[in-house]
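Here come two complexes built around chain A, the first alongside chain B, the second alongside chain C.
Moving on, here comes the complex of A and B:
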């Protein structure tokens, strides 16, 4: 197993060291003392496992394709942004814009996510064991957002085809967001997804799949209709 | 009895405010319930100072001109000297701006054909992040982080449903036929402080090899350029209000942003103010029509020029071909601004395969290449006449202002005086 110690090194040196170790065959790398530093593990393109022993700053695991990240602490803004494939797990909280614009892969947040979770998602899945802040799912194009706890204001606003599930209370639906009863398949998918991605101690207090609310686009903003001008007027 | 309903023998007197065009606008809005959307850029008859308000002052006795066609006048342009390991070196100071496919990838990501056929290709990272792909990012010669564009600063993109074909929808991960509205803000950063980190991320993703551009619509240019430069941009792109667009609310094209002439002056002043002029390169865009506009922008401080609409016109935009189809759109060759409809009569701004076939790609590419060569010759011609052996040596004192406004904006003496007005 490879190991990179962040202490006393620049971000560029740390990332270069990670990539160098991957180049030399490391498939499992432990990053020590990340110190909430920004841009750790950006653009890793190999199917390696990277564990970070602490909190990370902005854009950790941004622009990745294939690796698996396990972050022991919390993450700053833009966690895993624009990821194409891979898996990113945060053991504590994530800042604004977690999983923003991802095209594939899975992001798992064991505690809470801040505002703008999964905005402009183009695929993949983000699973939050706790609550999420405002504007989660804004302009979501594809992919799946699962929030086991409560969701903040303007939830699922102006979406295209992203599908959202919320286990707790939705503070306020966004423009053109519509609540649906999840199907039996949805409930099964939620149960199996939580079982697959959340450790038992995190999962045990979470609602069953059948009690989640499903939120999708009402499709009223997909094409302009003057009869819906009130909706357009209030669209974010 | 005279018929009062007929204007015979009298001059029609329109309202100064509610002119026929305004009446038509109000009645159309009343009918459709929607703001007007169109392409092309501002249609205003210009009443602000433009590059036409400047004239070059070629050599006579005070300076010695270079011989045209004989003495060397370099056009080599280097962009990204500040931090990038591999700055871009261009043969000419003119590039084609992002328009979904050009020198810059535009919204929707990189096409394979684009990469294969481009010696220099800039990968645009837009707020929408449509088609964002780290592998394409790493294949680019530069990365352009787009904050906004001149035609509609402060708002997101727009692609009407008629143009969201199956191919476009797949490329952008959208349902076929939706009116695609793009976000105005990036999904993962807001202000300039965050952008510092974002730029570092893009450098990490590209191994610090290629230049990072920051592109903005011309708004509060002086402050915005300083913020972009201080955030670590290698190159700042400023797109003036004359910049074009494929589709946008008309009011944004007409009533937002500042003109390109004003923008280049503010941008230069900003870089000088933070002592980064020359270190951070400046690209100017927005309604540049020819080598004259380009040379004037360069004399005012631009290192390179983006053209967009002019390149489309070189392709055949607004040419008198398939005239019946222009009429079908309610327009004429020379007046068409119907890019937003997807029914481009000459097959450029369309996803309709039949219309697209009207554009012979090889011939059209050769026309654009010729136009770029002519633009370059025009810039060189003016530079040589001003005694410069490098087009980048053109400077404000090579010009005089032809209007008080241009004198005040550019800090150049008004022709016939030795005064800079507005100081």
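Moving on, here comes the complex of A and C:
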């Protein structure tokens, strides 16, 4: 197993060391003392496992294709932004814009996510065991957002085909967001996804799949229609 | 961008608090967010209810003669020679609290156009200058400061000039012991500024953040609590703001309705720490505490 100690080193040195170790065949790398540094593990394109023993700053695991990240602490803005594939787990909270614009892969947040979770997603899945903040799912094109707790204001605003599930309360739906009853398949998918991605101590007390709300696009903003002028005026 | 930091010591062991050192470490981690200037608002022990006044003397080689003239002027306000000192760009003096503050500030500031009263308070002292946090430490030794709570700022100027007066933290100019730091952009600044100017409020800078201090001072003067004032700010100030505010007894933050600027906070039994990057908190305070991002429209106030 490879090991990288961040103490006294710049982000560039740390990332170069991670890539160097991958080049030399490491498949499992432990990153010690990340100290909430920014841009850690950006653009890793190999299917390696990277564990970070603490909090990370902005843009951790952005632009990745294939690796698996396990972050013991919290994450700052733009976690896993634009990832293609892989898996990113945060054991505590995530800042604004987690899983923004991802095209594939899975992001799992064990506690809360802040504002703009999964905005402009083009695929993949983000699962939040706690609550999410303002404007999650904005302009989501594809993919799945699952929030076990409560969702903040402007939830699922102006979406295309992203599908959202919320286990708790939604403080306010965004423009053109529509609540649907989840199907039996949806409930089964939720139960199996939570079982697969959340450890039992995080999973306990989470709602059962059938009690989630499903939120999808009402498709009223997909094509401009002057009959819908009022909706357009209020759209963000 | 701008870096903002805040720290509140909850241990009530202030003689041994490391307030200055902690704020400096936090600011150093955020030096890259604001290379233009750095500053701190420090809340220390009160000197028998007397007011501490910090005055900007300027950096143009005339500061010595300005200090001399200021010292002379202050004799008429009962400030003795041993209560007056200068350090780098500042004069500092203490005087009894019962004084007519408006008259004092007017007299001081009308004596020379370079002179500005940067802070007044029973506990508050502001130190700020153009340059890095490291230079702020070199010039003023802020790491040695003991106290209960404080704010810090590193500035990346976007619209107004880079000089000491346009640096943050901002004092509210008039209300003792009120200081703010702001990261963001107040988009209805000009409208608010015109409104306040119609009520004869003087603006010292063209920095939009100054209006936050003026606004909060106005709200507090109307009898609102700090928490109510911060909620009112959410309704009346537009744009992006992650803002920290401190008075002699309270410490709090507000984040704008669109959550456009970062603001993270951590609380333990011993402290509250706030910054717009977690790296600032982690590099100043070791430990297993949790850090979380404030929500859109979130307001939090702690009593010291």
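Everything that follows uses one rule, which is that the second predicted complex is superposed on the first by the 236 of 236 C-alpha atoms of A that agree within 3 Å, B and C clash if a C-alpha of one lies under 4 Å from a C-alpha of the other, contacts with A are read in each partner's own complex, and residues count from 1 in each chain.
Definition applied: contacts are C-beta pairs under 8 Å (C-beta built on N, C-alpha and C of every residue); 3 or more make two chains touch, one makes a residue touch a chain.
Just so it is clear, the structure is predicted and the values come from calculations on it, not from any experiment.
Visitor: Check whether A:142 is in contact with chain B, with chain C, with both or with neither, and answer first, second, both or neither.
Guide: The first partner, chain B, only.
Visitor: Look at A:222 in the shared chain and tell me whether it touches chain B only, chain C only, both, or neither; answer first, second, both or neither.
Guide: So A:222 only meets chain B here.
Visitor: Let me test your reading of the model: by the given contact rule, A:38 touches which partner, first (chain B), second (chain C), both or neither?
Guide: Both partners, chain B and chain C.
Visitor: Identify the partner contact of A:120: answer first if only chain B is touched, second if only chain C is, both if each is, neither if none is.
Guide: The answer is first: A:120 touches chain B but not chain C.
Visitor: Which partner chains sit in contact with A:112 here, chain B, chain C, both or neither? Use first/second/both/neither.
Guide: Touch partner of A:112: chain C, not chain B.
Visitor: Examine A:59 and indicate which partner it touches, taking first as chain B and second as chain C; both and neither are also allowed.
Guide: Touch partner of A:59: chain B, not chain C.
Visitor: In the overlay, answer first, second, both or neither for which of chain B and chain C A:82 touches.
Guide: First partner only, chain B.
Visitor: Using the touch criterion from the header, give the chain among chain B and chain C with more contacted residues in chain A.
Guide: Of chain B and chain C, more residues of chain A lie in contact with B.
Visitor: Given the touch rule stated above, what does A:134 touch, chain B (first), chain C (second), both, or neither?
Guide: A:134 sits against chain C, while chain B stays out of touch.
Visitor: Classify the contacts of A:92 with the two partner chains as first (chain B alone), second (chain C alone), both, or neither.
Guide: After superposition on chain A, A:92 lies in contact with chain C alone.
Visitor: Shared contact residues on chain A, chain B side and chain C side combined as an intersection?
Guide: Common interface on chain A, chain B vs chain C: 38, 57-58, 77, 96, 116.
Visitor: What residues of chain A sit close enough to touch chain B in their complex?
Guide: By the definition above, chain A touches chain B via 11-12, 15, 38-39, 42-43, 45, 57-59, 62-65, 77-78, 81-82, 84, 96-97, 100-101, 103, 116, 119-120, 122-123, 138-139, 141-142, 158, 160-161, 221-224, 226, 229.
Visitor: Which stretch or stretches of chain C touch chain A in the complex?
Guide: Residue list for chain C touching chain A: 257-259, 262, 264, 277-279, 281-283, 290-297.
Visitor: Looking at the complex, which residues from chain B come into contact with chain A?
Guide: Spelled out, the residues of chain B in touch with chain A are 32-34, 128-130, 132-135, 137-138, 161, 172-175, 177-179, 181, 183, 187-189, 194, 197-198, 200-201, 204-206, 208.
Visitor: Show me the residue ranges of chain A that touch chain C in the complex, using the header's touch definition.
Guide: Residue positions touching the partner: 35-38, 54-55, 57-58, 73-74, 76-77, 92-96, 111-112, 114-116, 133-135, 152-153.
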